[in-house]
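Presented sequentially are two complexes of subunit A, the first with subunit B as partner and the second with subunit C.
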Partner chain A sequence: MQNEKAVSLILDDGHVFHGYSFGFEKPVNGEVVFNTAMMGYPESLTDPSYSGQILVTTFPLVGNYGVPAASHDANGLSCFYESEKIHVRALVVSDYSKQYSHWNAAKSLADWLKEQQVVGIEGIDTRELTKVLREKGSMKGKIVFDGGEDIEFEDPNLVNQVAIVSTQEVKHFGNGKKKVCLVDMGVKQNIIRCLLRYDVNITMVPWDYDFNQMGEAFDGLFISNGPGDPNLCGKTVEHVKEFMKSGKPIYGICMGNQILSLAAGAEVKKLKYGHRGHNQPVQRYENGKPTTQCFITSQNHGFAVDNATIPADWEPLFINMNDGSNEGIRHKKMPWFSAQFHPEASSGPTDTEFIFKEFVNLL
Partner chain B sequence: MYDTTMTNDKIKKVLLLGSGALKIGEAGEFDYSGSQALKALKEEGIESILINPNIATVQTSEGVANRVYFLPVTPFFVEKVIAKERPDGILLSFGGQTALNCGVALYQSGVLEKYNVKVLGTPVQAIMDTEDRELFVEKLDEINVNTIKSHACNTLDEARKAAADLGYPVIIRAAYALGGLGSGFCDNEEELNVVGTKALSFSPQILVEKSLKGWKEVEYEVVRDKYDNCITVCNMENFDPLGIHTGESIVVAPSQTLSNRDYHKLRELSIKIIRHIGIVGECNVQYAYDPNSEDYRVIEVNARLSRSSALASKATGYPLAFVAAKLGLGYGLFELKNSVTKTTSAFFEPALDYIVCKIPRWDLGKFQGVDRELGSSMKSVGEVMAIGRTFEEAIQKGLRMIGQGMHGFLENKVLQVPDIDKALHEPTDKRIFVISKAMKAGYTVEQIHELTKIDKWFLEKLKGIVDTDNELQQYSKVECRWPSRLTHWLANSLHRPTTSTSPTTV
Partner chain C sequence: MAGEFPAQTNYLYLTYNGVADDIDFPEPKADDIHSQAVIVLGSGAYRIGSSVEFDWCSVNALTTARNQGYRSVMINYNPETVSTDYDMCDRLYFDELTFERVMDIIDLEKPHGVILSVGGQIPNNLAMRLDEQKVPILGTQAKYIDNAEDRQKFSSMCDRIGVVQPAWKELTNMDDVNEFIKQVGFPVLVRPSYVLSGAAMNVCSNQDELVRFLQMAANVSQKHPVVISRFIEGAKEIEMDAVADKGEIVAYAISEHVEFAGVHSGDATIQFPPQKLYYETMRRIKKVAKKIAAELHISGPFNIQFMARENDIMVIECNLRASRSFPFVSKVLKLNLIELASKIMWGVPYERPTKTEFDLDYVGIKASQFSFSRLQKADPVLGVDMSSTGEVGCLGDDVNCAILKSMLSVGLRVPSKEKGILISSGNAKQKAQLLTPCKQLADAGYKLYATGGSYRYLVENNIPCEHVYWPSEEMQPQALDMVRNKEIDMVINIPKNLTSGELSNGYKIRRAAIDFNVPLLTNDRLASAFINAFTTMSLDDLAIKAWDEYK
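== the complex of A and B ==
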C-alpha cells in the first residue's frame, strides 16, 4: 500500500479527483468518458473505439477475474481480446481488486496495464465523477502523478482517431463463397468472428482505401465501428457513395452507421456524454413507426446521427428508448442498413447477433 | 385445450392468491410481491380479490386489495371464493409455491374452466413444464440446454438403483416441495436410505440427481412480455458453492467472479429458456456453473416471483412483481414506465454502481434438537440486504445488521470451534465466523478454499479485512495508518461539496 503512487485526475472544468496508480506510471491526457458496464474490461480496453479516451467505469469493482492470455485462433484473431492492444489511454476505477480469481486468467489487470504501458488509477470517487460528466458532458482530462511532470489537455476528437487504429494493409479472412469487403475503421475482432460463422470470405481494407478500384466483385460492403468524429472520415464516405452505385448490400456498425448516414446525406453530431455500456434499450422502427420489438444492446459511441436530417428515401431503423437518439438507419428500397449499437457484443448482451445473419442473407 | 389467452378489456375483477402463513422457507417476500401486484391492479382500475389467511401482512391491510378473504390458500376454499366472486382473471405467481400449486390444482380439476376464470400472465402449461422435473428436462432438451438429469422415483428401491447408475454423491429432492423441504446429499447407500425415506414422507415422488458440489451457483431474474421482448433485470452469485440452498447462502448482486463471457453466456441461455417455456411475466433461472470451465447446468426455473426476485427488486430498484402483474394484463415492457427514472420505459436492465450483499439470519438456537449443518434445504428465517461500493463495505454492514450481536466479520465474542477443519468442511449457521476464526488462526486462502470451495475472490476480500485489522492493531490511533491516503480522502471530500450520495442507476 505504501508503495502506491498518488495521482490526480484533473478535468478541464477544474474538478480534481485524487487516487492511486495501479498501472503504468506516466502522465496522460484524453477525453474522459464513462461506461456503465458491470463486467467486460478485457474486451472494452482492447476496443479500438476507445482510442484517445480516458475510461471511467461506473461499476466500482474491477479486476476481479484477471485477464486472459493473448492467444489466437486459426484465423489469426485474438481469442479473448477485441484487438491486439489496449486502446484506452487510461482506466479510472473506484476499487481495483488486487487479487483475481478465474480459471482463464493469465495475469492481473495491473500487470497487463503495466505491460501495455497504460495508466490505471483507483481510489477515485467514480460515482461523483460520473455525475460531473453527466451534468457537464464528456470533457478533456489529464492524469498527473503527484510531484511529477505536468501535461497539457488535449481533445482527441480533433485528431482523426480512425487513421491511428485502422489496419495499414489489406487482409483476408475465411474462404467462404460470398465476398465481403470490410472497411476497418477500428474494427472489433468479434465483428470478423461473427461474419466468419457464415459462408463468407472477408477482404479487410484500411479506412481510406478505395475498395471500388480493387477490381473485385464484392457481394457486399461492411463498415466497422471506430473511434472519434466520423466527420473527419470524408474519404470513406466518398468510397461508400461510389459503392452505392452497384446497388449491392451495405451494412454499418457504430461508426459504420455514421459513415453510411453521412453517405446518405444525413448529419452526425456529438452527444453530451455518449452511450457506453451494456444496457442501452433500442426499439425497431418500420415506416417511421415503432414496432413491438425491443432489444438490449451494447454501445460505445460519443457521436450520433441526427434523426431530423435523415433524407426522405431513408428512415430510422432503430431508436434509443432512453433519449430518442438514432440507433440505425435503412434505405427504403435498397439493401442498405446499419446499427449504432454493437450486434457483435463482446463485451455486452448478444441479443442482436441475428443482424449478421440478416446481412449475410442479402448477399 | 382450455384457452388461457385473454382480452384485456374484459378483465374487470381479478383474484390474487396470497402465500398463506409465513413459514421457514416461504416468508415475507411473497407479501411484497403480492402487494406490488395488487398495487398494479389498482392502478389499472381493476377490482382485486385477495385470499390469504395471514392477517399480519401488508397485502391484507386495509386499502391494498378491494376485498380480502382470510381463508387458507387451498383448492377447496379458493373454489368457494371463485364461485361467490366470479372473477374474470386469476394471478397465480405472486404467492410463492403455495399459490402456484393451488393454481395448478384448480386448473387440472377444471375449476378455472368451469367458472371461466382466465389465468393472467404465464400459462398454466408453462408452470407445469417447469414444476414437473421430467417435463422440464424434456423441454430444455428441445433447445439443447443442459439440465441436471434426475431420476424420478416412487419407491426407495428405485432411488437406490438410480443412485447406483448415477454414481455417488447424489442429491435427493422431494418433488413439488417448498424451500427444498426433505432434500439432502448422500455419499453412499446408507445415507440414501435415511434421506430417501424422509423425502418420501413429504412427497409421493422423489428425485435422485448427480451432485455438482463445489460448482458456482448463479441466478438470473428474467422478464418477458407477450411480444417476446426479454430483459434480465439482475444476476446474483452465491458466496457458497452449489449444495447450500440459496436461502442459506450469502448472495451478492451482481455476480463478481464471472467474466463477460460467463455472464453473457448464462444471460443468453436465460432468455432462450424463458422464450421456449413461454413465460409472460417474471421467472428465475438458477444455474450450476463449473469454476474451471464454461460448463453449466440449469438447476431449475421458477415460473413465479421468488425469494430471489424480491431480493433483485430491492437490489436494483426494478419492481419485478409490479411489472410482472402489468405484463400479465397484456402490456408490453416498452409501454410501461421505468420506476427509477419515471420517464424512460420498463424495457431496461439496471446497471448498478454498487454491490449488494444478502446475508441469511438463522434462529436455530430456538429449536431443540435441530441439526445446525447447512445443506440443500432452507433453515434460515430472515435475511439482511446491505449495499456498498466495495464487497468489504457491503458484507461488514450486513453482518452488523443481522441482529445477532455481531460487530462485523471481526471483533466478535470468541466463537468456540473445536475442529476448524470440520467446521469449514461441514458448514453451519456460523460459517462466515468460522472463516473469520480460521483466518485469524493462520489458515491460508488456499486452505480455506479447499475445505469450503468458496471462490478465492471472496476469501481474498475477507482476508483483506483480517490483514487490515492486524495492521491497525499495531497503532494506537487510526490517523497513524496511511497518512497520505487519509490526506487524499480528506482533500477529495473538501474539494467537492457532496451533491448527493444516492446511487446512480444509469
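== the complex of A and C ==
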C-alpha cells in the first residue's frame, strides 16, 4: 500500500477522507453516491447510469474476483459488461483485494481501471463516508492526489449526461416478428439481451431521435435506463407523448420510468441519497392498493417520480418499501407501464425478469 | 458496512480502516457502578468439545453483571449462541476472540474487569498475555491459571502438596519413550504435546501400536515432544465442579461417570449425585480439591477430573474455569454455580449455599448424543478423543428412571421382544460384567444371540442363547445378515481393548447397527445400566414431571 500514492476524497461539505490510489492517477470530480451491493463491480462500473458519479461501495472488500475479458456475442453485445467502457468517474472502496481468483477473470480491477483511465481509491472508511452521505445526501466531491494538482467541484446533474452516453446512430438487433423501438438513454446491454430472448427485432435509437418519423410501424416502445436528471431530456419526453397517440404499448426502466412519468404529466425530483444496491424491496400496487406481491430488486437511481403528482389516469405500480418512494407507474387503461428498478438485474436479483415477458406479450 | 438506514441493533465490530466510531465510550467513574463495564469472553465457534454449555455460562455471567448494575459487555463471534443475542447484554462485540481484538476492545471500554473463566478454553488461553498488559482479570489470577494449565508446573505442585497423578512424562526420543514404558507398563495414553483437550490422543496397548501411532500422528523430536502417561484400566472417573472464594471452596458438585476411564469426559454418561461411589472416595476427593483450591488461590469456577480405583484417587487434570458439566450440575442441584462464581469474582456479597448433593432425592443423568449415522464409515466406538455432538440431561426419581429417560432421549429404544439381541462382549472382565444383564434379558423373555466366546460363556453360565457367526467365519447364521434383516433390535458389542485388530473385528457389525438404525451399545457399564433400567421398569412407569416438581 505504501508504494501507492496518497489521495484525499474531499466532499462539498468539507469532509475529507484519506486513502491510497490503486487505479488511474488524475484528479477527478463528480457526484459521490454509495451502492450497497456485495458484488457486481464489473457490471456497475460499465453501467452508463453512473455517468458523472464517484461510486462508493459499502461492501468493504472489492476486486477479489478480478474482471472478465471484453468479449462479444453474435449480436455484438458485450458478454460480461453492461457497455463498452467504464462510466463511473472514480471507484471508492475500503479494502482493494490485490489478489483475485475467478474462472472468468482476465485481469485485475486495478489494471482495468488504469487501462480505462479511471480513478480507484482504497483505504477509505466507507462506512463513515456512507453515513455522511446518508445524513446529508449525495453531494459533490473530488479526489485529489496529495501534492498534486487541484480540481473544482462539479455537479454532473446540471449537464445532460444522457446525451454523453446515448448511441450516436440507429442500430438493429435480432430478427424476430415483433418490432420494438428502444430509446437508448444509456442502455444497459442486459436489457437488450433480455428482450432478445423473445421473438422481437429491436431498433435502437439515440435519446433525441424522433422515432415517430421513421416511417416504421413499431409494435411497441421501450425506454431504457440512463444517467442524470430526466428534466434535461425534454426532447425524449415530447417524442414519447407523440407515440402515445398510437395507443401502442410503452415500457420504461429506471430513467425510462421517469421519462414516461414526465410524458404522463407527473414530476420527477431528486432523492436525498438515491437507491443503489441489490436488495431494494418494492411492493406491487393494484388499483391504488398494495398487493401481497413484494420483490427484492436491483436499483441504481438518484431521481424519483413524485407520487403526489401522478395524474388521475395513471397510478403507482410499485412502491419502495424502505422510503415509500415511487418505483413504477401504470396507465389505468392503456398498455403503458414502467419500473424504476432494474428487472434486467445485472448485477443483482433476477426475480422481476418476468416484466420483459409481460411487455412482449402486449405487443 | 453501512446502508440506507441506521443500524438499530447492537452488533458491534472493529475494523482497520475506520476513522470514526458509531458509539460513544464514556469515561468510567469510580463512584458509579453503572459506568463500569464487565467484559465476558465467550467460547467462539461451536465444535466437538466446546458448545452450548459455555454459552449458558456466559449468559449467566452477563445476567449477573447486569443485576449487579454493571454494564455487561460480551465478546463472541458465534451467531448461533444466546450470548450473541444483542439484547442479552448492554454491548455485544461480534468479533474475534484473539489477543489483538480483545485488547482493542479493552482499550475502548476501559473495563472494571474481564471474565475469562466462563467461555471454555479459548478465553482461558488468553490469561497470561492479557495479564502482561495489566488487564484487570476477575477471578483466579493469571499466574495460577498458568500453574494449572502448564503440565510441568501443575505436576510439581501436586507433588509438593501430596496429590497423586497418573505417572506421565514429556519425551523427545524413542529410547526415552521405551524406557518410561518399561517403568509404567502398557497400556499408555499418548498425546502430542502441542495438542489441547484430547484431540489426536490415543491409547496404545502394545509396542506395535505405539510405534505405528507415533509415526502416524507424532514424530517424536526435540521440537515436537510427546506426553506419555500411564493408562489405568477399570478405574472410575469422577468430576468435581466447584466454586471457590480466595482459595476456599464455597460450593461443589461431585459427579460420577457411568463408563470406566478411557471414554472422554465429553462422551461419558454422567450421573449426579454419584450413585456408586464410596463415601471414603468422596471425602478424599473433597480433601484433594480443598488443597488444590487453596494452593492455586482459586476465586471463581473450577473443575477437577479424578480417577479412582478402590479408594485410591488420582488427579487427571484441573481447569480453573467453568467446565462443560456446570450447567448440568447447576440445573440438577438447583443452584446456579455461575451466578455464585460471578458474585465472588466481583467481590460482592453472596449467600453461602447450604444445600449439597447429599440432600437430593432424585438423580440426574447427562448422556451424550452421537452423529455416527451421518459420519459414513466412522467406527462408532468411544475412546479418548471426544466424538459426541450433543447431550441430554434427564432427571428421575431413581437412577433407573433417569438412565432410561436419557437413553431414550439420545435415540436408543427399548428392544422389541419379537426380535433378538446380539451380544459380543469383549474380554473376560467385560463378559463377567455383562452376565447379570444378560440373565436379566433372558428372564425378561428376550431372545439372545451371541458370537463365539460370548456364546460359550453364556451357555456355561446357563443363559439360553443362540450361536451366530462373525463375518470372518463361513458359517450360518451370520450376525451381520441378522442385523441387516432387522431380526436384531439391539446390538451390544464391546471391543476387548482399543487395539486396532480388535476394533476392526467388530467394526462391520457396529457399523451395520448404525447404518440400519439398530440401537448399539459399545460400553459394558452403560449397557448394564440401560438393561437394568428397562428390565426392571417399563416405559409406563416413567413419570413425566417438570423440573420444579423434583424437590
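In this section, the second predicted complex is superposed on the first by the 361 of 363 C-alpha atoms of A that agree within 3 Å, B and C clash if a C-alpha of one lies under 4 Å from a C-alpha of the other, contacts with A are read in each partner's own complex, and residues count from 1 in each chain.
In the analysis below, a contact is a pair of C-beta atoms (placed from the backbone, for glycine too) under 8 Å apart; a residue touches a chain by one contact, two chains touch by 3 or more.
Remember, it's a predicted structure, so these values are computed and weren't measured experimentally.
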item	value
Fit or clash between subunit C and subunit B when superposed on subunit A	clash
Contacts of A:275 with subunit B and subunit C, given as first, second, both or neither	second
Contacts of A:99 with subunit B and subunit C, given as first, second, both or neither	first
Touched partner set for A:350, first subunit B, second subunit C, both or neither	first
First (subunit B), second (subunit C), both or neither touched by A:283	first
Touching partner for A:296 - first (subunit B), second (subunit C), both, neither	first
First (subunit B), second (subunit C), both or neither touched by A:232	neither
Partner chain in contact with A:37 - subunit B first, subunit C second, else both or neither	first
Residues of subunit A touched, compared between subunit B and subunit C (which is higher)	B
Clashing subunit C stretch [against subunit B; choices 440-448, 512-520 or 530-538]	512-520
Subunit A positions touched by subunit B in one structure and by subunit C in the second	17, 36, 58-60, 94-95, 123, 125-128, 130-131, 134, 277, 322
In the complex, subunit A residues that touch subunit B	1-2, 6, 15-20, 36-40, 42-43, 58-61, 64-65, 68, 80, 94-95, 97, 99-104, 123, 125-128, 130-131, 134, 277-279, 281, 283, 290, 292-294, 296, 321-322, 345-351
Contact set on subunit B toward subunit A in their complex	227, 229-231, 254-261, 263-264, 267-268, 271, 291-293, 332-334, 344-345, 347-355, 389-391, 455-457, 460-461, 464, 482, 484-485, 488-489, 491-492, 495-496, 498-500, 503-504, 506
Of all residues in subunit A, those that touch subunit C in their complex	17, 34, 36, 58-60, 94-95, 123-128, 130-131, 134, 273, 275, 277, 322-323
Subunit C - residues contacting subunit A, complex	1-6, 15-20
